[in-house]
């Protein structure tokens, strides 16, 4: 479920974003606390070994090692590589959102161009919209794990009422090794042409208008499918992950509090708990988590897109618009500001 | 209310932007002075404790602590993370502005394609534009706190003249759990089809033209709704906020003036008021405030979009254009440069 | 007037950009020399005070102060914040350019769809184009100071021949508190519909085609208006300005040449004129000037868009195209490569 | 073959990206292990020479040299130049993906506008789609090495059934020195006009609709061709490569472990294997590899686009849609939610 | 001539980009070797003066000066300002490429909508395409130095066959101070209207379709013209150039090898040839060269767009398509996969 919080920060008030820090659902704490505990455990283990188990000469070696690691940790341009990478992931994430099909444009077009309030007209409009819904669901099914779980087979879609048994048979009988989300689109246009031939659609301008909308729907489906098929190049993701992980590896040793009595620069104080290193962990690992969460927004994270909600909304609203509301208008009357 | 200032910096003159620094409304001072006072108070409290209440050994500990904190503060790549985050928020902010519906295109289209200067023709055109206005107001109502305050219920919209009682009844009777901003659009297209059937719209090309414009309106509404529904991922906002806040926490201790007589490097001078740290506070906290202000541009900040103004403007202008100005043309005559 | 220089750097030659450094008009020197002199004066004043007026103990204090300031100056991430801010301003600047209406598309469309070489046909086409010009001028008038100076009132526009007296009267009589740049567009479409009804435009496809172009014009006008209305958020501009100004304030003290005999690190040399600090001033203040110049490209800077030129060009060319050149074709003949 | 992995990181779980680190296919390890071995070999050779073959005075010289090199290595802003360069390459890479033609929109349009279930109608539709496929394959052939290998000559395309012998003859007889991917598009429109004249396409609105789609296809082909023709400017690529290579050259010497007994700062420890330098190599060289892999996504890397797959998919699906599925609809019936 | 190299790096292989380093044409070496020699000469001159001509006290002064300069050189954020500036220039460069008109869409549209295989029909189509070519050449002439050299006057265009003498006369007689690239577009639409009136174009839908394509052509021409007219603001270019040049000025002194016997930190070694400074010169100056080369891609650099090639290609291909290939179709026959 998407976490919507902008209404809570509508006005820039005293410490505006601070109130967001206390939210658990969809928060960085929820995503990160396990890694945080692991990191802390490792740090404390290393710290204990250094303090209690090493001999003097080993301690000296460890201290030099720590300083060495710390220098390295400062060399990695974490913020840069994360900045560019997260920018890329965020822009893909938003493009994916924008590719999610809303059927409102299509349903308005169908509702007004396909005429007839008799049963056949109603079936026509409902079937057209069902095909459009079908195309979008087939796409969602191949990109979203949540939708796939809901409809593991075509049979489930039939049982949920998105397909009739006859359609199901025709669909299955089509012999193609490729993803078949385009099939309902072809049905849609064929049915529209039939409606034109039967004069349910009054002329070719209206037909072309309907086709334009259904083509837009198809392009959106294809885009969704593409974003799923062509991931951010694996190499890029690996490079970023290696950078972040090796940074924290270096921190584990390099940020240990060394014996102040040895007089190493910057090691005058022994605080046991490395507050600032932990904050830095939150910060950098959190930035990477942003990428992890957004790279596939069709999973089941707290902040992922609710594809199932959209499927239900589209289906309900589009049938409502082309059937119940078709030519069902409020009475025309003069408005309040008439003259 | 939006703060428009570009006309004051139209020409790049001596110290161009400096005159903007003295503005209060919508300024960084107005947004930030409370946080500033809190920060200063905390700083001075800590400073007093260090100077007057700590014993010598505690002072030594505090000094080491301060140096430690200062080192950490330098490690956080504030400018980077803020740069990328604010870039994202600014681009969303502008996209939201561009999604705000202006009805000018639609009103021109309706005005010329829906014919008839008799009463029925006028009602038709006014009703069509009222539906378009209704769709945009319903969207604004769900994204803008200011508009929501103005129209807390549908009844308020009816009383303000945007709906007739009959429309209100029909609207309420529609049984759908989802946001109903699409309903007036469906009414619009149904009414347009009716007008076509009654030959008020002369052919299907004109009808398709009207539909294209109303579909664009609908897409804009959907976009506004989407930007409200899908916020910048909470995790990203939290990561940035944590970075900024922990930076200032580290500054509170780390930027204290330490006893110069102890001879710490960079602490030769005791100025009591940390001018530059305060400037840095203004700078970084101000950058974050930019994000806080823009993340929801439909609040009631000084610089937020004036949705209520746009609603009134759209309603007034669109009724004017389709009714009073319909086929009310200036006399055609030869212009000044004729031959 | 726009400064066009790309033809002078068409080829990447020896020290390509260096020849641009000697240009005065529209140059950084012209924009910045006043600030530069002020900065230098302040620097030298401070320098003189330090050298000649302070006592020894005050000098020691000043030296510590200077080192303190210098450290701070190095802390501000000027290049970052300027980089992101100028990127934003530059992209808005170019978008504004692209929103400036060229009427060529519209004039071609009007010229071929509105038929008749008789006087009435000519008046029709000329009037349509005059309305289009009017809409663009009204928009320019509200965004550009130069155009506003040229047409301080509607009467001036009438006198310049862009409006007839009757249009002026109708325009003024329209009772609306809002900017009225949309009025000529409504006139345009009404006149076009009239022309259709009188069969000057042969069918509804052509009419729809004309409307599409005029709607694009209107969208461009609205965009121009929007960029003027919704500035870059004031807070962002203030944050950047504060950062730059406080940086130079810190430099004024921090970059003073200290007495070499005191042995401060990095202060072994006394050059009197801080060449590199001045270069840095040029660099950072110049970067900010880029933003100052581009944030409102409709002012009267050397590099601002020439709205008045475009108005004249559009008016002259569009009347030429729809009147003198209408159906005035070169003789058709076989070209040189026939067979 | 594209490496699709987003489904494996659908949910942000404990150490989300870490599981991607173990993949071999398309991984950074596979791309980089040779360079890594070379780098390591060179490093160890230099290390051995320093340790075992140099005399004392030569060692001192080498040590100074190493420190000098190390300072330089820190000066190169690798992360910056790589960040900007990779951003550019990634955005071109994605634009190229989006230019790959999917024929679904066109096939729907052809299927419904070109009528007739008799043999001639079927030939018409199949031939139209074959021409569209031909145009896309000719483009792929000139940009993709894999497709070029599959169809080294036009004859191979004829043999694969994408061309008939007569078409092949006509195509070869066309006398033009330029790439001829536009030829099948011209055939397509000519054939469509012929179909219109024979009333297989019922009116000009439908014809215009088909043309719009085929023009979009042509624009995509041209874009693909352009991205191949106009590479990222060679100078930019060379600058980045020189930066990365000179960085690693400097590292080879500068990151050698120097004799701790000489007391150089930062050289207190001799670890023999420079773990962190190797990690840095992985990181920076990997970042460059991202660019190398994406700069031409039509090669035969693990992560390159599968043009041959798309060709087969397009051909199979488009013939299916316009022939077998043409007017072959499931029975219309009431859906499950009727009333 | 464009330097196309992506096919040589189609696969990411061992040291993928390294093979590009040895190319001369269009390379960084070719662009930069003169500046490089100048820089080196200046460096060596300064070095000689320091070593052989200065007295001891002058040497001490020079050394302090050098250290001072070196510190400054490190302060300039070269990579940042270059990164943002080059990003801007690259995006403008690519947009300019995309604005270069290819006439394929238009020629397909003309070929199929303008009927008649008789001589008059052929003249019509050829003339229409000639006008379109003319518009694009007029635009190229005003932006590209290479095209301007080819056609210094209108007479040359007439002689090359792009204009007939009658057209030339009409064109010259048009009295307008502004660039006249729009004139052939007006001719085009007028001729198209004439063809419609003579029923060579069968209806207004086809006419509107042609107009849309020619309007797109005109928009592209206007864009090309705009990119030439409105350069990257001069101030920005100057700021970047000053930054780069002052950096190298500071390097000339600051990177001199100082007498090791004086014991300055970081000056333990005297290598005579400053290898790394020269590499840095290559790197930063090369980055600036990228901008110099791309800021006007219509010059005669190795990597500039080949406008003359495109003009010839467009002319040849478009005449071929509308004349020789018009209604000249391969025989229709069943394809290989029939049933």
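We call the chains A, B, C, D and E, going by the order they appear; numbering starts again at 1 in every chain.
Simple rule for what comes next: contacts are C-beta pairs under 8 Å (C-beta built on N, C-alpha and C of every residue); 3 or more make two chains touch, one makes a residue touch a chain.
The structure presented is a predicted model; accordingly, all values stated were derived computationally and were not measured.
Counting hops only between chains that touch, subunit C reaches subunit E in a minimum of 1. Chains making contact with subunit B as well as with subunit D: A.
Both subunit B and subunit C derive from one sequence, and where they touch, under half of the residue numbers involved are common to the two copies. Look at where the CA atoms of subunit A average out and do the same for subunit D: the two points lie 24 Å apart.
Centre-to-centre separation of subunit C and subunit D, using mean CA positions: 38 Å.
Residue positions 31, 80, 83, 87, 205, 208, 289, 293 of subunit B each touch two or more of the other chains. Contacts between chains close into a ring here, every chain touching precisely two others. Round the ring, from subunit D by way of subunit E, the chains line up as D, E, C, B, A.
Those residues of subunit B that touch subunit A in the complex are listed here as 31, 34-35, 61, 64-65, 67-69, 71-72, 75-77, 80-81, 83-84, 87-88, 123-124, 126-127, 130, 145, 161, 164, 166-167, 169-170, 174, 176, 178, 182-183, 185-187, 189-194, 204-205, 207-208, 211-212, 214-215, 218-219, 222, 226, 228-231, 233-243, 245-246, 250, 288-289, 291-293, 295-296, 298-301, 319.
Within the complex formed with subunit E, the subunit C residues making contact are 2-7, 9-12, 14-18, 20-21, 23, 26-28, 31, 74, 78-80, 83, 86-87, 90, 93, 97-98, 102, 104-105, 107-109, 111-113, 115, 202-203, 205-206, 208-209, 213, 266, 268-269, 271, 276, 279-280, 282-283, 286-287, 289-290, 293-294, 303, 305, 313, 316-317, 320-321, 325-338.
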